[in-house]
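Both complexes below contain subunit A, partnered by subunit B and then by subunit C.
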Partner chain A sequence: MSEAEKLGPDYELDLGWMDQTGPWDTRAEEGRNGLTLADIQVGEYGRVPDESDNQTGRPRGSAPRSGSYRIGNYAVRTKSEIWLDNASFLYEEALQRQWSSATDVPWHTIEPLPDDIEQAQCQMATFLTEVEFVAGDVPARWVSQTTPDFFEARQLLTAQVMDESRHMDVFRKRAMANGGGLMAATGATSGFVGSIDLSRDFTEMSARLHISGEGAVLTIFRMGELMAYNDAEKAMYRLCAQDEARHVAYGVMHMRYMAETAPERHEEINCYFDEAEAGILSGSANPAGQAPILSEPLAILLGGGIAKFDEGFKKLVALRRRQIQEYKKRVVSAGFGARFENGRSRINEILEQAAAA
Partner chain B sequence: MKAVKAAAKAVKSPHAETVRKAVAAPMLEIPEPKLTWMNKSRQWGVRVKPGKKGLTLGSLNVGIYGEIPMDWPDQTRNPRGAIGRKGMPPVGYMLRSKSQVWADCAADLYEEAIQRRWAPATDVPWDTVKPLPDDLERAVCQVNTELSQYANVEIEVISAWQHQMVYGYHEVKQYLATAGFDAARHYEVFRKRALMNGGGLGLEGPGQVNRMILESRGGWTEAVVYLVLVRGLFAQTILRYLEHYASNEAESFIYRNVLQDKARLLTYGLDHLKFAIAHNEDQKQIIATLLAIGDGLFIRDFNDPVLREALAIVFGGSIEGARGAGMDVYHDMMRAYISTHLEYCQWLDVPRRIPEQLEQYAPQD
Partner chain C sequence: MTAFPSVEWFDDVRDIFNHEDSFRGGGGGQCNCVAGIKVGNEIFVLTFEGFECAGARKASLGDLDEVDFYLDMEILEWQAMIENIRQNGHAGLGYTLNTLDLDRAERLATSVHGDQYREDLFFRYNQTLQYFFDASSRIATEFAS
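Up next, the complex of A and B:
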């Protein structure tokens, strides 16, 4: 006879669980921005362990149950491996700034464009549809491998997966909204050794994805008005730029945390930056990179057509400079600026190459 | 709307100005464009117009872009309908058949999830939560602790499978991105409720069903059976009753909105299982076997008194109430769960026998 069947109309209750709780009498209070994740970091509930021994997936601060099954085997159990100090803030911002590619982009403002411009726009949109979700696939993998004790960072990664999904779809929509279509994929994010997909460590992945890859794309999105021909395209780039800025902020703040708390990993992280710098223009994941399948449509869009390719190319070179300057600022902000002083970084050489096309 | 307003403010970017001025920069050696990428499209001349619901993902499925083959061997990120590049090393996607992931409703659910977004920080009327009697607060906190843990499993399972799906079925990947984000929001909102009214988190759940869901490693379809047809539906039934017995508007809002999100996952799950069954001869029997195995673990979790008693206290309003009406409501809830579960199995045409331990909840006929 089951437990439930034993219970009669006047049920006996065990109630032993009522005294097994996390810290009691907790009163998180709403702030100006509502009841945010930061507001519930009260007392013990706000304490994030440096090493997590949580193998059962219990919510941080709840009372452990001795007979509970282990489900964890989480690969990420060390705080410094994934942490950033402002995850709660960025997560709440992500929630507040969700947008819809179906209804928030004024698609009706798109008018037929000259064929060379439409082709360039569609090629760029094809590329962005192709690469945007690498930043969805890869963070998702890390979400599933991270202990819930670091849930603030994990929440932000789930928001990123959502954002990237929207980016993947807004560019597909653009390619099909104006008499064009999808064009040729670049294979930019395939399974190359050294690719974002194949990173074996979260920090390695973050250096490649957040700081280098998304940083380069963020500069392009911020320049969207230069390659937009109507309000729909402008809105698309601006909205994507807002999201992308959060993702880049993840990387910068995570690296800053590493700079402050994990000195034993500084050399390793510098190696990731070496690698990122080497590929910043030559790699095919940067829309302003040197591969003609990307640089040519971008120059056409920036110039205003094939006839103004030279003008567009000059802008493209300026845009590359801008990308590199912004990259440099991010690395300095992350606490690894010494590499630009001590001769380790090759970024100035790369900058010269960018200027020389 | 905040994103749109913020974007509208940035009419001219100062960054762009520096690039505009670059036209006057010294002469560069400018390469001759090769333009080898031009005129390369499998279908040109597509002009999808926004409809009543805007420019939706599903509306893009026109011409060759709407051709969704049963198998997608390409393991790069080649967007469906684009011209792929030859010779690219595979990313290594495990799920490459339509029957392993597909549901016709995925694109619509994706757009619906975006339209129905909500933020626990600002949309829940937290000020309506008033101090509750200690026994009731403890029960509410215990229930929210376990629901938060349910959401944790959902986050882990969805994110573990989503990145293993090929690009050819991007609608599903995209819908699951919303489902993972929903689950993250649920994890957060239940935690917030537990920590804001003089209580705290309770005792972690027993975990057998959690482990069963996480360990359904055979495939996404198998994970869906446990995530949706067993745990998902159980959680949904709990939420429906919690909404009815909520102590304040904030709780009512939370349960109602989570329920709405979960309804999308249930819709996707059932639609996918139906599709998988229709395209895989053995799938129906696999699902039946999984459910039979799952019963044992579900019953072990179910026999744990913690969640049952906490729910009965919430439904009865106090410990005293739990001993009578509260537990009656709990049993009523279980009957509703079993009955709906059986209905869904019947709809899927999956043979199902309710185990003896749960027979008391089975419909009379």
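Up next, the complex of A and C:
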């Protein structure tokens, strides 16, 4: 016997919900790239408030529900704290350019490597698995703290979490794929990387994670192609670099928005860059830094073995220069280039000290 | 046989690239950028829109001001890369775009404007750009002697 409620013949439908809509008669049209988030920014639905009082999880543009209680913990309710102008575009790009660590990496091309090379590759894989945990955990925390009115930025962060999850698994797979395994944890999640998760607001987090942290890792991923010994490692690093470049783009575009809309925060943001630059080559946060647990395997991979360590170390120094050059240009692009003109930044001095060490 | 570099060569590659579904997955996909190609003193501009390389045209040095980034090698270096791709069906270990960018004193990918956000498009769309040049393995190329 069915447990469904039986309605009497004189039952009248309420239908009150039919009168409570957002703007009606909306006809979003798909463009060349399909029906994207940008295509549905139609009329009122496309209006992003500078301040949001939405504490109820109400989708932007929908009719409010009376008597609703507070949902979530939306600390981020000021647009400038999280916004970037191309969030929709980057989100669609993230969806379109996904890849599978199981099937898009030609694992069959991996062949036995000399022990020192395999150990160095596994140490890098261990380190990258370690730091990608942070890169996934931190954005995830901010998703839930952001009002649904800024859903474009939220969704982009959610896509980033998926990317970082894949990075965690692909490096773990590499460690397990060729007779090696995971090596020692490097402690990279303490110090500067660990401090990312202590950020008090999103912009502080983004300066540390997207521009400083991921910018440095982006160079390492790209360099990964230079220290790859087979097509599988090439693909693994190249595909991770693509994702990482998108995350860096989030940071640059957010900082650019902040630079234009919140000049009162310039000094504060410069402090985050001061902090990042002071630690960029020290500690174990940056694999191209000076900690032996990472700089040695990198030099071994770049040189082609322990016997060619010096050759590899020269390449590592060149890598550091490129890493810092790219960092500086990103900070300029983000609207904070004055620090390299007015003597505030010590990044060149730090680089020269590291090269001489 | 199609001569490299020429608009005809890029058009032949575009035709393969634009009709190959496998290039739309596996880390490929929609790509929106304008890339310059500098072969010695010859300049070409490729426009990528969505899943396609929408256009290739001959250009002048001044046009490089407008592109997001450009790839700069001498003709013999381009020839070595294209021949390697032809032999392997795709770029071999030493000839992927990213490897070439890193493993030389002068960068492969650069720009006139110096805006790292736009230069980063070379990294963001690297697999698509690699697929594009890997598509050249399916055409016969001749090089000026």
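Here are some notes:
We take it that the second predicted complex is superposed on the first by the 338 of 357 C-alpha atoms of A that agree within 3 Å, B and C clash if a C-alpha of one lies under 4 Å from a C-alpha of the other, contacts with A are read in each partner's own complex, and residues count from 1 in each chain.
What we mean here is this: a contact is a pair of C-beta atoms (placed from the backbone, for glycine too) under 8 Å apart; a residue touches a chain by one contact, two chains touch by 3 or more.
Since the structure is predicted, the reported quantities are computational estimates derived from the model, not experimental observations.
Once subunit A is used to superpose the two complexes, subunit B occupies space that clashes with subunit C. In the overlay built on the shared chain, the residue A:S333 is in contact with subunit C alone; subunit B does not reach it.
Look at A:N86: by the touch rule set out above, it reaches neither subunit B nor subunit C. Legend: residue contacts after superposition of the two complexes on their common chain; A:Q55 is shown touching neither subunit B nor subunit C. In the superposition on chain A, the chain among subunit B and subunit C reaching more residues of subunit A is B. Contacts of A:L239 after superposition on the shared chain: both subunit B and subunit C are touched.
Of the two partner chains placed by the overlay, only subunit B lies in contact with A:L15; subunit C stays clear of it. In the superposition on chain A, contact is made by A:E29 with subunit B only, not with subunit C. Contacts of A:M253 after superposition: subunit C is touched, whereas subunit B is not reached. Contacts of A:L37 after superposition: subunit B is touched, whereas subunit C is not reached. By the touch criterion stated above, A:N230 is placed in contact with subunit C alone, subunit B being left untouched.
Annotation: subunit C segment clashing with subunit B after superposition, chosen from 3-11, 75-83 or 93-101, is 93-101. Taken together, the two structures place residues 33, 92, 96-100, 104, 222-223, 225-226, 235, 238-239, 241-242, 322 of subunit A in contact with subunit B in one case and with subunit C in the other.
Looking at the complex, you find that subunit C touches subunit A at residues 25-30, 49-50, 93, 96, 98-99, 101-103, 114-117, 119-121, 123-127, 130.
In the complex of the two chains, the subunit A residues touching subunit C come out as 32-33, 92-93, 96-100, 104, 218, 222-223, 225-226, 228-231, 234-235, 238-239, 241-242, 244-246, 248-249, 252-253, 322, 326, 329-330, 332-333.
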